[in-house]
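Presented sequentially are two complexes of subunit A, the first with subunit B as partner and the second with subunit C.
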Partner chain A sequence: MRAYLALVWAVARKDLMVEFRTRERLTAMGAFAVLVGLLFNFSMDTAVVRPQDIAGALIWMTIIFGGLLGMGRTFRLEEEDGALTGILQSPIPLDALYLGKVLGNFVLLSVMTVLVFLVFGLFFDLRFSGSSVTLVAVVALGVLGFVSLTTLFSAMATRSSMGESLLPVLVFPLLVPVVVYGTTATDRLFAGRPVVEVGGNLRMLAAFAIMFTVAGAWLFRFVIEE
Partner chain B sequence: MSFGLEAVGLVRSFGGLRAVDGVSFQLQRGQLLTVFGPNGAGKTTLLRMLGGVMRPTSGHVRVAGAPADVVSREWRHRVGIVSHQSLLYSQLTIAENLLFYGRLFGLTDLKTRIPERLASMGLSDRERTPVRELSRGLKQRVALARALLHDPEVVLLDEPYTGLDPHASAVLREQLASLKDGRRTVVLVTHNLKQGLELSDLVAVQVQGRFTSVTDSLSLNLAGLEALYHAAVENPA
Partner chain C sequence: MSQKQARWAVGVLGTLGVATMIVLHWMVFFWVPTESRMGLVQRIFYIHPAAWWIAFLGFGIVGLCSAAYLWLGDERLDRAAVTGAEAGMVFTTIGLITGPLWGRVAWGTWWEWEPRLTLALILWFIYLGYFLVRRSTANPEQGKRFGAVIGVIGVLDIPLIHVSVTWLRSLHPEAVILSADSPMNLDPSMGVTFGVGLLAFTLVFASLFLARYTVAGYEHELDLRDGIPAATQGAKA
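After this line comes the complex of A and B, so read on.
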């Protein structure tokens, strides 16, 4: 088990090392988050709509669209000079490769998510009076479900002639549960409702995160093997 | 008699196309087989199957007389691949690349192993150089160091000379010649008849997925190989 986790960490560590060196994906996702926050800020009439009431939807849409920018490039590194062949020739189990990719993506998207909350908090003067720990759990589970799914489909898109343009078409229909439960829970927490009211959403988010991760780890070999 | 590496009836189909069509060969431990063939003959597909990257549709491989599952983790520990692509991450340094691949192979003595491999390739002073800053020739030497890091007994070389200038080719040729140490069995795929013949013990010509001949290289000179190659390509049946 320890050796397996070391393999997962080796893949994630390499991805993060490259990303924090080049900042390609983080820059794209971060710029998107700031620009979307800015556009929403200008496009919303706060005399009619209270930002507080729709913050959950805006935040989750920004995380998902911005996240797709970065997640779609998950295997770009491996494509550059045939590195995927090098990895596939190594004895790493393919599910460990997948989980390493998911872990790396999870860290990157978490960084972007923190930025999204900061941007929206700043532009919309959002006041949060709910349980911070519960909000972190909601976001973490939603992000895990999202990256588990997009990592798998990113590998599929890499193998396809349509490339990254295929990713949204494949991913959006399956993301509906994450959007529904994530948005509802976030809205309720921003409205200061008691934690018990988001218990069901949390359990559903956890179920989808686990299901997507386990299914992704199992299906990955069929996607990546030649 | 058991062979270092033996392929028996290897086939790989893509839909209705047989990219590799019943390839068989036998290599003694320490021998080097060079496979020549035109573009699209299935040479790279053959190497990808032998390297465990691709599952054969049918056929099997034996090592030292024992059947080997080419897509198993055990087999991958025994094989190293060098391709015309470096298989390296350009944003990482040479040492970081080797460290990453070493971890994937579960190697625990990387602190000593990496400097040794780099020294054997004449790269000791460059371990902190990002791969993107290397010339094509140096990249191929790092690629060879990467492929040999886990000390494989079978080495597969897919067009390793591609894009190299004459000097870099000569340096790489010396490095490849050092693979003939009696311990490793090597399969080299190349278009270059002269370079391929220099190192080989056996030569094969692959056309339309099939080996049309497997010949002892001692019985061939360059002119003979050229005649053999052109005859095979022009009359594949």
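After this line comes the complex of A and C, so read on.
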């Protein structure tokens, strides 16, 4: 078990180290988040719409679109250098490879998510009065669910002739539960509603995240093999 | 089942299906009495849920056969999955057309974010993704595996999507036909027509499924015939 976790960590660590040194994906995702915040600001007539009321929707849409931008490139580096063949020939179990990729993506997207909250809080003067621990749990579970699906499908997109344009078509319909439960929970917490009101959301987000991380770990081998 | 038997079965099931379909439409338009509350538009219920049932059956076949294909790697399972997906997409489209037709009269709008209608739309797009990935790879075997992965993920996700959209909003008439204390004044002939509708759609589906499955078998044989000489040539060169 410990050896397995070490393998998972090795993959995630490699991805994060590459990212830390190049800052390619994070720069793209971070710039995207800030710029979308800027565009949202111009797209809303604040005399009619209060940003506070639709904060959840804005934040989650930015996480999903920005996330897709970065997640789509999960396997790009390996594909370009032909390193994927090397990794596939190494004795690492394919589910460990998948979980390592999920972990790396999860950390990356979490960083972007924090940035999204900071920027949107600043731009739209959002006041948060709810339970911050619950908000962190909602966001973490939602992001994990999102990452588990997109990591699997980005491997598929890398292997297909359609490339990254395939990703939204595949992922968006499947992502409906994350959007529904993530957005409503975030909106309720921003409105200062009690934690009990988002208990159901948390359970469903957890179910989604666990289900597709497990399913992804099993299905990954059929996607990545030549 | 041999190809000759399959052709026979397709013919018999298809003829029966089309005949039942004609009888169904005669029943819907001329035989069954008009429901007192909803009026004429209620007659679409003999067609709409039947199409819906086939759409789900198709999706069930896709999910089961995809999982089994990934597990066992049997070519026939992939053929059954793609056949189920094609039929499922056609009947989801029928459901998506007949639903809003009824909704225009009953709700006053063509489109309503009603859970089942929303689910149908999402289902349609999952089918679309299934066909897109199948065709997007240079290696057809890989495309089949990709499709199967979408099939499995889709079937796992459908219950969650259903729960989430239902939780968000519900306007759909709750299975008025099936509940015992139904407020509707249900004439026995309505139940009969409904049953005939289910039978007609199932027969048509069965014949389409068998026909498409047989064609997929022919395609596979052709691929083999084309593939083997090419491979031998390659080996010689």
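A few notes on this one:
Here is the rule we go by: the second predicted complex is superposed on the first by the 226 of 226 C-alpha atoms of A that agree within 3 Å, B and C clash if a C-alpha of one lies under 4 Å from a C-alpha of the other, contacts with A are read in each partner's own complex, and residues count from 1 in each chain.
Heads up, the rule we're going with is that a contact is a pair of C-beta atoms (placed from the backbone, for glycine too) under 8 Å apart; a residue touches a chain by one contact, two chains touch by 3 or more.
What you see is a predicted model; the values in this text were computed from it and never measured.
With both structures placed on the common chain, the touch criterion links A:14 to subunit B but leaves subunit C unconnected. Of the two partner chains placed by superposition, only subunit C is touched by A:223; subunit B is not. Of the two partner chains placed by superposition, only subunit C is touched by A:215; subunit B is not. Once chain A of one complex is fitted onto chain A of the other, the partner contacts of A:61 are absent, as it touches neither subunit B nor subunit C.
Looking at the shared chain after the overlay, A:82 reaches subunit B, while subunit C stays out of its contact range. Shared contact residues of subunit A, touching subunit B in one structure and subunit C in the other: 225-226. Chain contact summary for the complex, subunit C toward subunit A: residues 70, 122, 125-126, 128-129, 132-133, 136-139, 142, 145-146, 148-150, 152-154, 156-157, 160-161, 163-165, 167-168.
Only residues 3, 6-7, 10, 14, 17-18, 21-22, 77, 80-83, 85-93, 225-226 of subunit A touch subunit B when the two sit together in their complex. Residues of subunit A that touch subunit C in their complex: 149, 152, 156, 159-162, 166, 169-170, 172-174, 176-177, 180-181, 184, 200, 204, 207-208, 211-212, 215, 219, 222-223, 225-226.
For subunit B in complex with subunit A, the residues that touch the partner chain are 48, 51-55, 73-74, 76-77, 79-81, 83, 85-92, 96, 100-101, 103-106, 146.
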